[in-house]
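All remarks here apply to the structure that follows.
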Amino acid sequence: MQQTILEVQDLSRSFRSGRDPLRRLADWLSGIEPPVVRAVENVTLSISPGETLGVVGESGCGKSTLARMIAGILPISSGRMRFRGEPYESLLSRKRDALKIQMVFQDPLSSLNPRLKVRDIIGEAAVVHGIVPRSKIRDYVADLLARVGLPPEAAGRYPHQFSGGQRQRVGIARALAVNPEILICDEAVAALDVSVQAQVINLFMDIKRDRGLTMVFISHDLGVIRHLCDRVAVMYLGRVVELAKTEDLFAAPTHPYTRMLLEGMPRISLKRREFLPIQGEIPSPLAPPSGCHFHPRCPIATQQCRQVRPELREMAPGHVHRCLNAVAS
Amino acid sequence: MTEALLDVEKLNTWFYTRKGIVKSVRDVSFDLRRGEVLGIVGESGSGKSVTGMSIMGQIDEPGRIVSGSIKLAGEELTTLSFTQMRHYRGKRIAMVFQNPLMTLNPVMRIRDQMFEAIGEHENVARKEIHRRCVDALSAVGIPSPEERLNAYPHELSGGMRQRVVIATALLLGPDMIIADEPTTALDVTIQAQIIYQIRRQIDQRGLGMIWISHDLSTLSELADRIMVMYAGATMEIGTTEEIIGLARHPYTRRLLESVPSRNKPGEKLQQIPGNMPSLLSLGQGCPFASRCERATAICNETVAPTQLSDTHRIWCNHPFED
Amino acid sequence: MLSFVLKRLLQSVIVMLLLSIVIFVGLWLIGNPADVLISSEATEADRLAAIKALGLDKPLWQQYLIFLGNAVQGDWGTSFVYKEPVTTILLQRLPASVELAAVAFVIAITVSIPAGLYAGLRPDSAPARAIMAFSLVGVSIPTFWQGMLLIIAFGIAIPILPVGDRGDIATYFGITSSLWTLDGWSHVVLPAFSLALLKMSLLIRVTRAATVEVSHLDFVTFAYAKGVRAWKVVIGHILRNALIPLVTVIGIEVGNLLAYGVITETVFSWPGLGKLLINSIKVLDRPLIVAQLTYTALLFIFINFVVDILYTVIDPRVKSVMGRQVT
Amino acid sequence: MDEFGRHFAESRVAVASLLVSLAFLLCAIFAPVIAPTNPYDLSQLQLADALKPVDSPKVVPGEELRVRVTVANGTATFEDLPEGSVIKAITAEACGEKCLDAGVEPADVDLESLQIRGLPPGLSVEGASKHPVQPWWTVAAPADGKARIVAEGAFPSDVSFLAIVKSAPHETGFVFRLGTDSFGRDMLSAILYGIRISVIVGLVAAGTAMVLGIGLGLLAAWMGGTVDAIIMRAVDFMLGFPALLVGLAVLAILGNGIDKVVFAIIIVQWSYYARTTRSVAMAELGKEYVEAAKTLRLSPVRIMLRHVLPNCLPQVIVLFTLNIASAISLESSLSFLGVGLPLTQPSLGMLIANGYEFIFSQKYWISLYPGIVLLAMIVAVNLLGDRLRDLNNPRLAR
Amino acid sequence: MEKTKFGLALAAALSLAPISAKAEELRVGLAAIATSVDPHFHRAGYNFDLRENISDALVYANGATGEVEPRLAASWEITSDTNWLVILEPKAKFDNGNPLGADDVIYSLCRVRNVPNSPGLYSGFIETVANVTDAGNGKIMIESREPDPNLLRNLSNIGIVENPTGRTLTYDDKTCGNDSWLDTNGFNNGTVSAGIGHYRVTKFTPDVEIVLQRNDQYYGKPAHYDTVVIKALPDNSARIAALLGDSVDVINSVPINAVESVQSAGKFHLSSTPSTLLIFLLADQHQEPTPKVSDADGKNPFLDPRVRKALNLAINRNEIAETVMGGMAQPAGQIILDGIFGHNPDLAPYPYDPAKAKALLAEAGYPNGFSLVLSAPSDRYVNGAQVAQAVAAMLSQIGLQVTLETFPRSIYFTKASDYEFSLYLAGAAADTGEGLSQMINLAGTRDPDRGWGGANRGRYSSEVTDKHLAQAQATLDDAEREKLIQAASKQVYEDDGYVPLYHELGVWAVRNGIQYEANANLINIFYTARPE
């Protein structure tokens, strides 16, 4: 647990709109500065081998962008990432090692190429990168299918011939096919019906245990996060506002936003819940509020919160948050 | 016990597609009373939304209500034509849809979309209409409603839009509202806000409400009674306590057990094996039989309802005994 | 908005420059207009004099720069053949073309939108099938061929309409047009219908597709759920949204009306710009060809611009996005 | 895929349009085999066959003799007839005061026509049709081999005229099923070859444009930024102009010929493919399976060609079908305007244009049949494209 | 017929279509109309039309009779080889009432060379004019550089306009000491009137319509029709449709294929005459090898007179004239039309003899023929493309491998002038109404400086022909000159320099009740038209 497998430091991503050169010229001529969207702002995380880190937040909080940067799909604007101490850039330059981080996606339909058979979906990369010789690919795929609980004949079918849960299994098998060490799951169970969701969550727990995989689990569903993750990072408008062990976070959330989330989280109970009015809307990431992004909705915000951008503070060992006024509850 | 506001009896809504008949709703019966929230829960394809649209009389080709009756305060609705039903829609029964981004016409101002709801049913002065719209918007917690009336939908956030939709639904003081997953597309914090507003309106106005959702958690906190649907058929119906606390149907049980928060973190979830059967090839028996560990041969043949209490009814040959 | 307009302007200027070079060089490659214009009995000295008079003795790039310089000042040159300023000739011909295009446009719109709407709302009904069959034939039948059939049918077999040429002209309110006279209308009806047929068919299809697309959207269902009358839903919700894709197509088709005028004007010998273009190509009247093609390009750029503006009227979402495309 | 095929097979209209389109394709491929004659072979054409109506037999023209006849004081003299000709002599006998019978010997020769030319003013030929402009009279198939020349007033004592005798032609057994055009081309053959040209132009132009457009579309989608902007501006530019005008301008500059027509159509059509491919590819690139492919570190070329391209193809194929139809239509329009194909290798459009002139003289077959064939071909291909598109769009298919 | 009547009745009932013109109005549909009102602007057939009707020249070269008729020149006499004394018509006056003076004639001749931006000047017609002076008493003296028998014929193309300078110019072949000339635009927009013709232009819309009004000031016999409306109807079918549909009374260039329908309508008659427009084939007789011939051992086979003769024999002129041209053509054996000054009656058209043609080819060393491209314009002559195709078929029947290529005229003549063709089809008319200029233009050795061989793009050249033509050019005696021209024609015939095909017929379709004169120069004379 001491050694980290993935280290993320001050990771940011911002982009501006309008890449069309004519548009840029026109903008320049008319003196318009195109707004900059900061999707992810100074995120710092470290993940230990075998650990499951949950990232939770509402839409527009930058969790998916973060996942894609870690997976090496989206370029980063600033910051550093290290895999087992090695800078990410050098890792990515070696094709085989770049496969160490894999991803499972949200939409079980769009994440599988409808024109490819399952065998090709799962086996293609393994063959291309020489992990498995082409002649052995049949067995290799069958083995993987068995591992995710699909019958071997599934290899010859197309994605649309499967149900949602089965498709997600194919997606998991595809990621596993290149022997990753880190698996990033972006809302991997959000689109599934409850009964199927449970199946897939169980599968994740199985492969994590079997392979000792490190996982980054991104979700808006606190219930799923709580069930699966060792630690949780809560994001709000591009920033990590709280990071703690799962039990600590659920037991004693310190950031007012985390509290609000937990309060809003529906749970099965026999008690008729007294819904309380929660104030405010989620601001647009195009024009985030100054200072602490959360201050317009925050019940404990002060004048200071409007101006000062709070830094991460450690509350307790392993429990950090980004609030100027928070006290342990 | 008050008289039923809505009485649905043996409703069958089928779709005659090229591939065959899709029996989306089969023999569904339930009632709704004033001031009550009835939750309909089910996974995708369970027929919960079609049930809602059937009540609205808005089943599109190639679907139609094959048999059964829907009575609103004693008036039969299934025999009305689409045009006749117009006088009930909005006025007596209002509906709220899942995706607030799509429910409002993107090229019309909020004002016009709300005005037309009143204008179509009542002959009221414009000023009066305006006042009622402003009132309705403030009632659902929209700040500066006058301004919002002039806005276009895209100028509002998702949560705001859903409030506008709800305000529109409430405009004519309907007897009941059908809400089809009204908060699913919203973020947790916004979801809580919306539910708060709706609940308040129900309590204040004594409306009947059907709340369709796939999410048992939300329903358990909101609904008075819950109906569980699976593959077009009712599995179990009862008060929230009876469904959450005393579930007798294997499907309901499994559904509850598979929710992560009902399990200990890190432990394996209870799961239902297999997938929902195709609605094209349903037999007479229990549609859940193929996935049910308690099923026997008889389950593929037939299933009969059992009345467990005044309010609790179950369609299962082998219910759990408690 | 300013940035948007600027962008369109920059784009237009670049396009116009490129286009004028292409047209200019292309025409230079074809042949020497002097040979076409000068009588076969003319002497070589006459020929050289004519070449000089037409400015064709200068190097090509000089000819182009002279042209460009003049064009910027609004002088598009003088027709080799007519010896009139090109602008004057174009303006003389413009009313006939505009008249034809306008009538065709009105015919196309008034037929296609109701028909397309109906076909989209009741896709399986017999009239809808008939409408779609009509539109299929309409988009398939070449304009010149149906023009011929129309002439045969209404000009020869049952000669109720005059074929060929524009009718009597009158001037009211400062507008000179043949549409003020009955004779004018009798002349314009047939070619306008011929010209409208393709557009009509295309617009029927676009309207239908848009209608089908829109009528399944949630807000339509919601409008019905509010108890709104069916025709109000159709007009206020379905049509208004279906108009958005329609506007682009209509914009392009307005331009096409003027372009396909080339064929219709040839078949019906309508004295408009299209016929002028074909004639100019045949006699290689370079200034006239260049001016016409450039003018057409300008027209299309202008139409596109108008379409963009129309968008903001019809679709309020565009206004906020137009200035900025967020990717 | 097989589901798609099944849906397609279920639609009778779709299958019919496919079959008709295929039939046209076969006609195009096997035109030289099916066509009764080769309409492009100038040496086979004979003007005697020109403008024959439907179902007329092809004939070997009869012998034609031109003889100057001089009648002076009741005696007819004429030049010697060539040896071996069927007609042995020309006669001119007075048949009263004001009339003269011109005939041939032997009298039993089968004549197609007897033409009298160059009569002095005041004379005309009974029962003959006078040429509208020229001073000659033609007696078609004179019953007893004679033409009667009559005078309004007194018959001049000396008359000299040219008699042109045509013996009856004999049939060859070949029949012009759809008549002939003004060059004596068998219309059936010309139509078959016209289909061939139309189909070749359609396929080659639409095909090349497709390859070009797909390539540029994929490039734009993948590269984004400036490359995308340049390509898409070019596309906008092309789309902003009506195909006909672009074609007209290109052909005005390059001159006519099959290759140039094809080039013009490619210039017009590549942009449709580029736009469609790009927009579909952009949508596909936004899908998670592409991101998956990226995390699997597959090369961009592989992602574009193996993953993205196949997903663009359904829409591109629809476009291809519709573009074949519009290419055919465009080619015929350009040919009609006289800037398309060379005269000796007429396409359907040109056949129609040629026949247009004859419509006023009731010679409908020259432009009617090619027109019907052209229409049928375009309708069939358009219908096919329509159905394919509907099947791709679940809303429109039911 | 019945159907048509019914249709007309219907049309009358609906009153949508105009029924008939007012009696004083003549409506004419022409294939091409004048591009300018300015009589000196652009030398082209369609401009000659308008000029003759609105602006008289000194004389009129009658295209129907071949005679030179007096106009502004009441009479003339040749005082020496190079001096012509012209007596001006004393009654002639412009439409503003000003009488015609010698200064007007001088101004007009001077202006010919000085029309700004003209695309094709009339200066060729005054090439030989050395000086023009006012001889007093309403007479002018015209001096030519060398004896020029066609001086007046040439001047028949120069419309006379009123001298606006207020002084009498001194003629020279440059600017005559004047630097401001009447502007073409002025003529076109009506601010300047040509003023001395039978008609005045009241409305001019290029390429669409010209409206003429009778000039009541005209000095001679007035035209019958008050108004003449000239419409441009370049499209054959449109022209016919306009006639049949009663929107015009007269059309020119009646399409051959429509003759039948015009006749069967029963309301029209045709008016026709052979025109001087000769359609011919011309082989490249200069380049070796020639560009568009192959399989001929790298030689130009057309340099061999036997091959040229074979071409002449391979053409069935009667067939072309009667079938392709529907009788609207007169088979030609020489350049000059029968009845035109200079025609040689001894030269009959070549007989059609493919066997002999084949034999000649074999004799010349091409028993299997050779490959050749026949070039033709697609949109210049009546049925030109069809004729070219028929010719190609005939040539292939004597064993040549012929491909036909056609170009629109906009490209065609440029290519021909650049000698890109080996065998091409073209046409040329006698603008002056006599044969010498046509011979020089077609058969004279190509020499731009001398103005010879302008249409001789195959570069036929014969010393003998040139000698005869040069002599004829300087011979004022008509009989002697005619002999020389005939000798030149004979030489061309014997050299097989040309393959003359036919002379086109000018055909007009005229509504019954109207008399309209056909014209060998294919121009339209409205002032002789009148009701029957």
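The letters A, B, C, D and E name the chains in turn, as written, and every chain counts its residues from 1.
We take it that a contact is a pair of C-beta atoms (placed from the backbone, for glycine too) under 8 Å apart; a residue touches a chain by one contact, two chains touch by 3 or more.
Quick caveat: nothing in here was measured; it's all calculated off a predicted structure.
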Required steps from subunit A to subunit E (each step between touching chains, minimum): 2
Leader among chain pairs (count of C-beta contacts): C-E
Most central chain, judged by mean C-alpha position against the global CA mean: C
Taking each chain's C-alpha mean as its centre, the one farthest from subunit A: E
Subunit A and subunit D: spacing of chain centres that average the CA atoms, whole Å: 65
Where subunit A and subunit B are represented by their mean Cα positions, the distance between them in whole Å: 32
Euclidean distance of C-alpha centroids - subunit B vs subunit C, Å: 52
For subunit C, residues contacting two or more additional chains: 11, 30, 124, 151, 156, 266, 281
Residues of subunit E engaged with two or more neighbouring chains: 237, 241, 244, 379, 408, 411
Junction residues of subunit A, two or more chains touched: 19-20, 22-23
Residue numbers on subunit E that touch subunit D, as the complex places them: 236-237, 240-241, 244, 255, 257-263, 270, 272, 319-320, 323-324, 327-328, 378-379, 385-386, 388-390, 392-393, 396-397, 402-408, 411, 505, 507
Parts of subunit B lying in touch with subunit C, wherever the complex brings them together: 56, 58, 61, 82-83, 86-91, 94-95, 97, 99, 102-108, 112-113, 116-117, 120-121, 152, 154-155, 165, 168
Sites on subunit C touched by subunit B in the complex: 124, 217-219, 221-230, 232, 236-237, 240-241, 244, 314-317, 320
Complex contact set, residues of subunit C against subunit A: 2-4, 6-7, 10-11, 323-327
List of subunit B residues in touch with subunit A within their complex: 43-44, 141, 157, 159-160, 187-193, 195-196, 199, 214-218, 220-222, 240-241, 244-245, 254-256, 258-263, 265-266, 268-273, 275-276
